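As structure tokens, here come the structures.
The two complexes that follow have subunit A in common; it is paired with subunit B in the first and with subunit C in the second.
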Partner chain A sequence: MYRELALKSVKLSVSGRGMVYVCLYALASSMYIIFSPLSIVYINMVVLSLLAIVTSILSDKKTLHQYLSVLILSGMRKRSIFFCIRTYISVRIIPLALVYTICFSYLNLYLVAIVTDIIFVLFTLYSAYPIYKVFK
Partner chain B sequence: MRRIVAIVRNVWKYYSISGRMIAVLKNVNLHVYRGEIVCIHGPSGAGKTTLLKILAGLERPDQGEVIVDGYNLTLLDDDGLASLRTNVVSYIPQDYGLIDDLTVYENIEIPLMIVGLGGEERRSRIHGLLEYMGLLGRENVKVKHLSGGEKQRVAIARALAVTPSLLLADEPTANLDWENAKKVLEMILRISKDFETSIVIVSHDPRVLEYAHRKYLMYDGVLKEAS
Partner chain C sequence: MAMIIAVLRILLPIILLFVGIVIYILSRYRGFIEEDMISEFKLISPASKLLKNIVTKAFLSTEIMLILLTMYILSLTVAYAATFSYSSQYLEFQPEYRLLMVSKDFVPSEVIPKLYHYIIVYQIFKEFNLGNTSYYILAIKCSLPKSCIGNSTLMKEINRICTYVSGNYTVVDVSSSLNEEHVFNIFKTSLSLVRVDLSKLVDIELAPGIYFVHSIGVIGGLSLRIEDPSKILVIPMLNNILDMLHLQGSDVQTLVIGFDHVEDIQANIDKVLEVFDYIVVNSGEKALVISRSFVPTSRTLLGLTLSFAISMIIIYAVSGGFVEKMLDMYRDLYILGIPKNFFKSAVILGLIITFSMASLPLVIASCLGYVNGIALLNYFVSFVGLAILTSNRIRGIIKSEYAETIGSYTYIIDTSAPLDTLINCIKDMLLRDDFFTITEIEGVREERFNVIRIELIYKKALSTIASVEIYIDRVDSNTRYNIVVDVWSLEDLSPLFLSSIQRLVLSKISGGLLICIES
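Moving on, here comes the complex of A and B:
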């Protein structure tokens, strides 16, 4: 059941319009990081990337609301619904995490790359509950 | 004696509306027999949806008792209510409860995935449901491209997928013209006969009452059985 619902979450996340926003943002910010290698730029870009994820989720709020409703109506447990939400968000985060890791590694900023990825993982874990509350 | 599938006993429900506690359900009593269609009729804001949500375990009553198929909903925790919805009770919300961006097939598949049915079993079950609902050939169409009547039938198919003992339909005809509404109601009638499913329909359309075995009237949170 988990594997199949994970696939469904991936499909909805990839096919949502917000996915395009996230990819465009990832490309644009990677240029910025490479051409303006300053700590303030790194911090700004990471903070803005979290906002980009929030925006991308908001732009698909109808589908997300319908998805959560169907899961709730079909009797999925809350813990499993959180799993679906986290899968959905991680798909949105992967392009960002990938591009940032490549950029920071290219600039030999391995610590920054690791910290950024930790921030992304924490965001995925802790945003499931607010998303559930807002969109259900 | 006919078997009772659902009992609502002395249920009160309050909502806080702009800081004040308002009683939305006032000492509601209701029972539903096996295989019976019950229609709850009442004006907008009477509390009909709230009552259905309580029967579906989506909301909890503030006072009183709700028993569905032998389970006392007031004693179940959230996971217990969730598994009740996988096996015992299905709720069709007024806006159909479907995902517009997925196909008919994928929508009906979700509850079957949750109960853990394998791919092959799911396929044959969905095929049977589509045939029963007159939707064969539409399985790969995205829900957003369907007409209102078709959406309602997909919604019913999704709700029937796990063969519930209690089916709750919130305004199943509200968005349809009378021709399509009749089709949906006849379908509901057939379901109650074929599967002995108990069905509660909520509607503000008095024409729906003709299709019910028993009728209730709801007004301002008070429910009364009509003759």
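Moving on, here comes the complex of A and C:
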């Protein structure tokens, strides 16, 4: 069942309009990081990337709301719904994490790359509950 | 950059005043003219109430908060990452010196960077009157070795003057009427006087627009300098004379022509440009002019472009939600008769007020010097992008969703028919209609005009009624028919649907009326 749910969530996340915005943002911000290699730029771009994910979710608000409503109406458990939301967000985070890791590795900032990836993982884990509460 | 900050310093009180007035108006006037039996009359403008609602909604919406957060983060990032350089330009001429430093103020010789071979020239613009003639003083200090002397007219002339000045002579033109007594009267110091031909000195141009003698530049090919050599008085730079002239703070232009140690000065360009306005450096075949004004580097401009791109991506992604919220408001207001252009303007004005108020911390920080002007530029450019995007989105959605309402139609013709005939004709026509059932029709004869009132029920809906009024009056020898249609419904029908019914009724009545008149 989890495989089916994961596939559905991935499909929904990839096909949404927000995915295009996330990819565009990842491209622009990575260029910024490479052209302005300053510590404040790294921090701000990572903060902005989290905002970009929230933005992408807001731009696909209707689809996500319908998806969650269907899951709730079909009697899905909270844990499963959280799993779906986390899969949905993690797919959105993948392009960002990938581009940032490459960028920071290119600048020999391996520690910054690891910290950024940890922030992304924590965001994926902890943003599921507020999203569930808002869209419920 | 300095200009932007100066403009902002002027604009800030105005913006603050503007925002203050808007806040006062919004808090003072809260609605329309309402008559309340218990309380007092309240004066209200519907426009300001609408504006207030838009501003409140914008401030409370998640989308605008996200956009503001993004714009703030990006503005601060751009401001922090911005780098500036002195503006420089290559000029197509080959100077005979290695360095020329120009200041529009008096620069004491102690402040001037160390040079071994140099000429310091103070062009004193304060005129000294002796008799009917006014004289302009040129104070010169030279440290020229023989190796510096070239064969050019410029160097020969400068060297000739330097030789006299180094021997503490005062130099005047051969045509000048000055004598040693006059010089003593001016400087209270006895100086020997030499009369030489200064006409060549007057024409010496060190760089385009910069002359050896008193000059304020070139305007439209016309050099603004002293062209009469008899008005020039060249004096040696003696401390007691300079003290007597009180040069500090007076109108003096300082020129320093250097012949060595250019590399040291180029390495400490920041310190040199703190004192001098611009410097001209001999770089082989061309001359490089470095000015004190800052220009953003290409990296800063690239950062600004990328930050605009990032903010536009986020704005494009979220502004849809904000536009939807605004359209919800518009759908309610549309029924009350608010035109779409008015609403669009109100949304843009509301956004301008919201973002102006939100920009206050950034403006204050910029004025206090915590962030540079690039932050404000980024904020402003992003806001313009948001305003254009929102405006286009609202216009596009309204255009596709709502049609223009046509509520009335007027025509003037030269034939007329009696009122009763018209009523019967229209009644017969509408009784056979597929869409409407006629419930009421009556004719009213007034003093100046006649009115036909018709009530129609739309057959395809439950309770949608169209009220038609046809006003008939005389205009000269012709008859004017003015048809007004009003559709209303108890059902929750969309404005587009009501508008289409209205147009259907209007077309039926106007066409039918013409047939009735002609028959």
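What we mean here is this: the second predicted complex is superposed on the first by the 136 of 136 C-alpha atoms of A that agree within 3 Å, B and C clash if a C-alpha of one lies under 4 Å from a C-alpha of the other, contacts with A are read in each partner's own complex, and residues count from 1 in each chain.
Keep this in mind: contacts are C-beta pairs under 8 Å (C-beta built on N, C-alpha and C of every residue); 3 or more make two chains touch, one makes a residue touch a chain.
Predicted model only: the values in this text are computed from it and were never measured.
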item: Contacts of A:21 with subunit B and subunit C, given as first, second, both or neither; value: second
item: Contacts of A:44 with subunit B and subunit C, given as first, second, both or neither; value: second
item: Partner chain in contact with A:1 - subunit B first, subunit C second, else both or neither; value: first
item: Touching partner for A:12 - first (subunit B), second (subunit C), both, neither; value: first
item: Contacts of A:56 with subunit B and subunit C, given as first, second, both or neither; value: second
item: Touched partner set for A:72, first subunit B, second subunit C, both or neither; value: first
item: Touching partner for A:29 - first (subunit B), second (subunit C), both, neither; value: second
item: Of subunit B, residues touching subunit A in the complex; value: 56, 58, 78-79, 82-87, 90-91, 93, 97-102, 106-107, 110-111, 113-114, 116, 158, 162
item: Subunit B-touching residues of subunit A, taken from the complex the two chains share; value: 1, 4-5, 8, 12, 15-16, 62-63, 66-67, 69-78
item: Subunit C - residues contacting subunit A, complex; value: 62-63, 66, 69-70, 73-74, 76-77, 80-81, 299, 302-303, 306-307, 309-310, 313-314, 316-318, 320-321
item: Subunit C partner contacts - residues on subunit A that touch it in the complex; value: 17-18, 21, 24-25, 28-29, 31-32, 35-36, 38, 40-41, 44-45, 47-48, 51-52, 54-56, 58-59, 61
